[in-house]
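Note that the chains are named A, B, C and D in the order they appear, and that numbering of residues resets to 1 at the start of each chain.
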Amino acid sequence: MDALPRHPFDPSDDDKLREECGVFGVIGVSDAANFIALGLHALQHRGQEAGGIVTHDPEHGFSSARRFGLVRDSFTSASIMDTLPGEIGIGHVRYSTAGSKGATQIRDVQPFFGEFAMGGAAIAHNGNIVNADALRRELIERGSIFQSSSDSECIIHLMARSLQRTIPERMKDALRRVEGAFSIVAMTRTKLIGVRDPLGVRPLVLGRLGDGYALSSETCALDIIGADYLREIEPGEMVVITGDKVESFKPFERQSPRFCIFEHVYFSRPDSIIGTKSVYETREAIGRELAKEAPVDADLVCPVPDSGTPAAIGYSLESGIPYAMGIIRNQYMGRTFIEPTEQIRNMGVRLKLNVNRALIRGKRVILVDDSVVRGTTSRKIKEMILDAGAAEVHFRIASPPTAWPCFYGVDTPEREKLLAATMSEDEMRVHLGVASLRFISLDGLYRAVGVAGGRDARQPAYCDACFSGDYPVKPTDQMARGFKLADAVEPAE
Amino acid sequence: MDALPRHPFDPSDDDKLREECGVFGVIGVSDAANFIALGLHALQHRGQEAGGIVTHDPEHGFSSARRFGLVRDSFTSASIMDTLPGEIGIGHVRYSTAGSKGATQIRDVQPFFGEFAMGGAAIAHNGNIVNADALRRELIERGSIFQSSSDSECIIHLMARSLQRTIPERMKDALRRVEGAFSIVAMTRTKLIGVRDPLGVRPLVLGRLGDGYALSSETCALDIIGADYLREIEPGEMVVITGDKVESFKPFERQSPRFCIFEHVYFSRPDSIIGTKSVYETREAIGRELAKEAPVDADLVCPVPDSGTPAAIGYSLESGIPYAMGIIRNQYMGRTFIEPTEQIRNMGVRLKLNVNRALIRGKRVILVDDSVVRGTTSRKIKEMILDAGAAEVHFRIASPPTAWPCFYGVDTPEREKLLAATMSEDEMRVHLGVASLRFISLDGLYRAVGVAGGRDARQPAYCDACFSGDYPVKPTDQMARGFKLADAVEPAE
Amino acid sequence: MDALPRHPFDPSDDDKLREECGVFGVIGVSDAANFIALGLHALQHRGQEAGGIVTHDPEHGFSSARRFGLVRDSFTSASIMDTLPGEIGIGHVRYSTAGSKGATQIRDVQPFFGEFAMGGAAIAHNGNIVNADALRRELIERGSIFQSSSDSECIIHLMARSLQRTIPERMKDALRRVEGAFSIVAMTRTKLIGVRDPLGVRPLVLGRLGDGYALSSETCALDIIGADYLREIEPGEMVVITGDKVESFKPFERQSPRFCIFEHVYFSRPDSIIGTKSVYETREAIGRELAKEAPVDADLVCPVPDSGTPAAIGYSLESGIPYAMGIIRNQYMGRTFIEPTEQIRNMGVRLKLNVNRALIRGKRVILVDDSVVRGTTSRKIKEMILDAGAAEVHFRIASPPTAWPCFYGVDTPEREKLLAATMSEDEMRVHLGVASLRFISLDGLYRAVGVAGGRDARQPAYCDACFSGDYPVKPTDQMARGFKLADAVEPAE
Amino acid sequence: MDALPRHPFDPSDDDKLREECGVFGVIGVSDAANFIALGLHALQHRGQEAGGIVTHDPEHGFSSARRFGLVRDSFTSASIMDTLPGEIGIGHVRYSTAGSKGATQIRDVQPFFGEFAMGGAAIAHNGNIVNADALRRELIERGSIFQSSSDSECIIHLMARSLQRTIPERMKDALRRVEGAFSIVAMTRTKLIGVRDPLGVRPLVLGRLGDGYALSSETCALDIIGADYLREIEPGEMVVITGDKVESFKPFERQSPRFCIFEHVYFSRPDSIIGTKSVYETREAIGRELAKEAPVDADLVCPVPDSGTPAAIGYSLESGIPYAMGIIRNQYMGRTFIEPTEQIRNMGVRLKLNVNRALIRGKRVILVDDSVVRGTTSRKIKEMILDAGAAEVHFRIASPPTAWPCFYGVDTPEREKLLAATMSEDEMRVHLGVASLRFISLDGLYRAVGVAGGRDARQPAYCDACFSGDYPVKPTDQMARGFKLADAVEPAE
């Protein structure tokens, strides 16, 4: 026989939207870098390609280390951590943007650092600046030298040119020129700064850590270092933490918040708290809602591991159909999208999932997944399950059809590659070759996340552009490159 | 505050028995090494410290590569795989033995290779030779030079001194001198050989791969390469595969089989098939049996992830108490015991688990774990759960108390470190500080794995020495070092 | 006995002035990066700490690789060289500056790259900008963000802010603001540019390579790639090479040239040509002159290897005293100053030189060295030679006493650490403990390099500030940090 | 133009005979491993491919580290050296044998270690066993398992099978079965052992180091650690050093010594002492003898660096023709034959030498080299020199024509590849294309090394088989592979 078998015995898991970044910062603790490394490790699901830490102490000034790969591989050795002294610092994990032409270079890895006349500052950014192309052109014409291909570097250059006298004021100045989604942690020699954009698209929370403070994309990173969760940074808020003083500012024009609803569906870790509930509970509730909206007679409810697990448990609890692990994930892989090269990705795919053949044989199986993006994975999993002798396969999806790309810090395929952009739900069912296929409705999703009345089309409580095409901030750069908004959903702005 | 917090916000997960090895071999396929690497990747849970592959082809003779670390890190690059040409080969993954004085050296990594007068042979071994000390002394006195500290190397030296004319015959000769547990894959230039000891303590299965064959510790490694599972190698059987001919021999005196019952409980992967059922189904059945034996009124059934998950599902299904993921495992860690140094292990532990605080608060929680070895993890998990605000914690353990060390290829602490060796079930409950603690009975475990009548003390169907102290092969070397058998359970031999 | 012996059996070789950089560029050849790597390898003596290459081709744009360590270790593997496509490119090797506070970071490694409105440019710089501090402050105040601690980066930022429309014009603009010594190679997408400062302190030569051109710090790097040496770039000249057109400009006010005389003594490779003679011949002539100025009766003339070798040969030829290798250099070391850490340097020192004991015993030995900086090495070598049983040691030094630091691209100790800054020649002789010590006179050195009449104090033909304290460009930044010029030799400017 | 130029602007330096090993051992000093690393560094010219160190201390038993690459790269970090505790130890550097089929594996790197019934022993071997094939076959038939492809491993297996009761006695037993050349350092837990074969083909010297002792291939390695040179180990002598007692044995039948004359010509370092003179002086004397035997009118005497340098100095001193460095060696390369792969070797060659063009132009040049093996280098150097404009090139070779391979621990090409095996001196001159070519006579060489009467053909004082074909030990294995002795020079034995 020839080399490796050709039939698709292993599904691609590469069919996800990907959060691009996690940010973390601490102030007022000795060995700040150790806390940051732990925090970034807890946020690793938000970006596995690279990470960076900047700290400051009076003796050594600013210190910085940026590395490719996982936090556990880069930021655990004494040889690196000892180069990061100080009681204040910030960190960043990132996933590589599909849009960049070549491979990420280490100079693209955040935090970014800038030396200003009044001292240095470092910033780390989760989100996406939708007018970055225009800003970059303008800054280069004025004589700025960019060191990276990252949109986030604009912020540092805008700050460098601000006429304000303090770094927090320069940051306000800069961010007023920036359009898009941003949750930022930044630092000076003595201040830890957190900011969320006016819509609050991406998360950012504040925690108490001994006598100091921590800022984090999610609460799970507070748990890992034993910090107490205090509150969310509010949409449009800037906090400036000095010593143990937390000052709050509202530098932007007030807008109605639009938190990313997909953080509930997939991005955030299940043990993080958003609002008052754990993300796990919300996902279980989505599964229950899905069971109500789209019941079906079957023998087993199986998750597509691991992201479909909480919704599958919810579906099982609501429907009474037994929950079972019909697909086993090899725990020696990470999420498939760790590696940005096609070759390794293909390798990863082949090695990741296996069907529990003895369990599945002859059964009618409900497969619960969190989303369908291009549909490639769903199709392969279906074949894998049928190949193992399942009698029927019913897909239940814990989010509405993903029909629009995200421009706010999430890596999505171009619109034409999204299955739901070109097919109706029934066409998708035929395409995937399953006995039935049902997505939760957008109203159902809103109910599950706690909006009892469902979605209010005039003033939606969340950013749901990936489902609705309703973009709360006009994607300027993308439109300049030819992206067309839906007719009906011209953004509010 | 000082550096990292001291309270145990993260539990140790280092409290497991550890399988020491997985073996894999193929014949009759091009690029054998690629299949072996995939197979070893699927067997990675049986040994994460190091791996090795030997292949043979007529042009290059025997080729070998041995590396520390995971298969995904070592045996995926072309620079290594291209050095392993051939259509026949064997591989091995290993965990470091606690007993060895220092760090494992690369020369301890299998497969071992020997050049005999009639040609070369390589062998890979899962199990443990209980009279290795005596054999080694005898061989050194006769002039053998050992290159490793591994007990398995004795087999190659015994083969080198056999008076037989063929390698399979020399192997029979050698294995008749060996006492203990062994599942072996071996190879000559043209033959793939598989052997299990007369009791069949460790698993070994045969698969069909295109026109060739594969031997594997578990069926999950057949699935990953698309091979069809044919049958188990029988206890006491040697198969010699040449071209597409499979010859079967029974070179040992026949004994009543004693397969390791802990393979069902913990070692094997849930998607592997043992007998006619998946290991997952067996573990779910153990959970159901446990729910019958030890019911309790509570709000949630939570697994200690990931090994307690199937039993927790079974307990929930039997009891009707909802199943929930109360503890979240950071997926960017492997099993804690990946790293053999104390320092890294401590680091690992701190980073691995988090409680789903919002979910757990105020609830009465049943925690299902597969086993309690030293009790260190259980205690920390309990504190973590109570710290998060649980109302009550009830432990349910999917195996009987582990009171005796294993000498058949599993790494266990010394007897005095096993919690169950020094405490009664009630003392353990007090020690762990939980509302209730129950282990499944040994009879219950036998029932769950399919022995309807429970354990037959005169002729147990499994090796359960770690629970019963009934050692089917006398641990010669250990007894010479002072290990005492239980009075009542003098081994059968 | 205790560990390693304490007596100084091996001398320090760390007592040299160090050239900080070599530059190289090619245009009009396929695989430009390979030629650059070869050229940099030939210039390795000018900087061993790190190297970088930038290339451009229309398909991939600008490509860049920067690495610590030797060229032979970094820029020989296909994995790096394949990332540097193009028919145009520049490169740089550097030695770390003693002045920088911490370790060099990779971002300090040249070439530097800047994206301007009209396209990108990269530059590599040999020399030192004496008003860099002031320029940097000014640029930061205007909003430039520096990515390195290198003085050379100022040039790119000055270019970014120039009002000129082309890159060559912007470079002229920028360099007119820069004071100090600079030999620069730079590139745009289609142009290779070379510039020397008005005094021509550092070397730069032009060669013909097939249908293309090469720019190099020295001619030895033209030899290695088979290029023909055409001519020196003149002091104050800028050449802009496009396709096969070489345009010459003189953008600076004309000044009388002051080439670094120490390039003859030590920095340049002996097989490089400066003017019409090889550096080797000049050094031999220095040795002959020294023999005339400072003869002594002795049995052997021995060089301090390797830098003292040509002068020792000249001394032997002039004096008729036999030349011999009394000190053997372990060829498995590089120049000691490869490694910038103190620890490794000490290690290196101990391993580098050995006396040819059987040869030296009972002999009167003339030791010829190129220079004495701090005197540490000279002292140790003397002890080593006497320890081996030499009857007498006479030091002859092929340069005048080094009494002043260099601020034009050479790493020198602070003035107070220079032996000749604090001692007369006779005090030095006593300090070093030798039978006699003589330096060549400054006039003698001028004669040996071809200025028949010796040094003209009103208009010296060379920069000899390290010997005379006569600085042709005022060291602005250093004077701001407290450096005092000699009263008598206020610089010309 | 296409990629790199094709004309041979850089000569191959790969045309040398290569010593295969250096050995070193110490006893009675704390941190023995540090001394061994220094000693091996000083012996690096005897083997650059790999090195190994074994030490012993009562607490840790035997410790071992073996690494590819240079000593300076492998045995300088604390992470390795700290694993080698003890006051006794031995070390080895090796060059890869051309004869081995594939690449050297780490298991081929010495010292070899064996555990015997009475304790462990390690040995390191410089030389070659000419009956290794036969011994290996015999040992395998008796059941020995070889771990390497090295001939030296036979010694350990012979020792393992000896009936003697102590390790020194077992070593005598083993070495009496061994034919060929060997200088060995070995160790037990408490004894340092040195042995030379009865002919004393390879060197081995004894030194005093504080209260302890050192054994070394050459005296230069005693110098580096500050040890005093006591004496050579005599041909056929075994010394056993315990504490501060040195016992001497003569276990072999007495024979007339035959030290390798090529150690004088090329292998040994110039600062080592053989007999009463430094190797440098002997080489200078060879140059003088050569000037007497083969004078020629010319302008310059230039060495082929670095190995031709002392003879060129001698030639210049005798002839009165000025010595000059016409060819410059890039000091950032080692000897070309460091790297065993063809690809790297070719790279190395291109980068290594440059002609001092300005110096050579128009001159009649005498080039002095130590030997001509295949003639490939000589030819390229001649072209390089003529290309640079030399008027005439005269080759003078400091050894007789190399017409026979060495089988005693030196890597030589097959006989048919040796230029002198197929051409007369005049044919070689034509082949090399030089104005004149002269080798020193064998008698002249004997005179230069101190045998006033020249070579006594009936009882030569040296092994000169590579020149004469007179092999003092019959090369058994090679003859079995088809090697033919010269008719006239059937070996004495």
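Here are a few things to note about the model shown:
Here is the rule we go by: a residue touches a chain if its C-beta (ideal position, glycine included) is under 8 Å from a C-beta of that chain, and two chains touch if they have at least 3 such contacts.
Just so it is clear, the structure is predicted and the values come from calculations on it, not from any experiment.
Both chain A and chain D are touched by B, C. With centres defined by CA atoms alone, the chain at the far end from chain D is A. Here A-C and A-B were compared by C-beta pairs in contact; the pair with more is A-B. Separating the centre of chain A from that of chain C, both taken as means of CA atoms, is a distance of 51 Å. If you average the Cα atoms of chain A and of chain B, the two centres end up 37 Å apart. Of all residues in chain D, none touches 2 or more other chains.
Chains touching one another form the pairs A-B, A-C, B-D, C-D. The part of chain D that touches chain B in the complex is made up of residues 106-107, 114-117, 140-147, 156-157, 160-161. Looking at the complex, you find that chain A touches chain B at residues 1-5, 7, 9-10, 29-31, 34-35, 38, 41-42, 44-45, 48, 70-72, 76, 209-212, 220, 223-226, 269-271, 273, 276-278, 280-281, 284, 306, 309-310, 313, 317, 322-325, 328, 330-335, 347, 350-351, 354-359.
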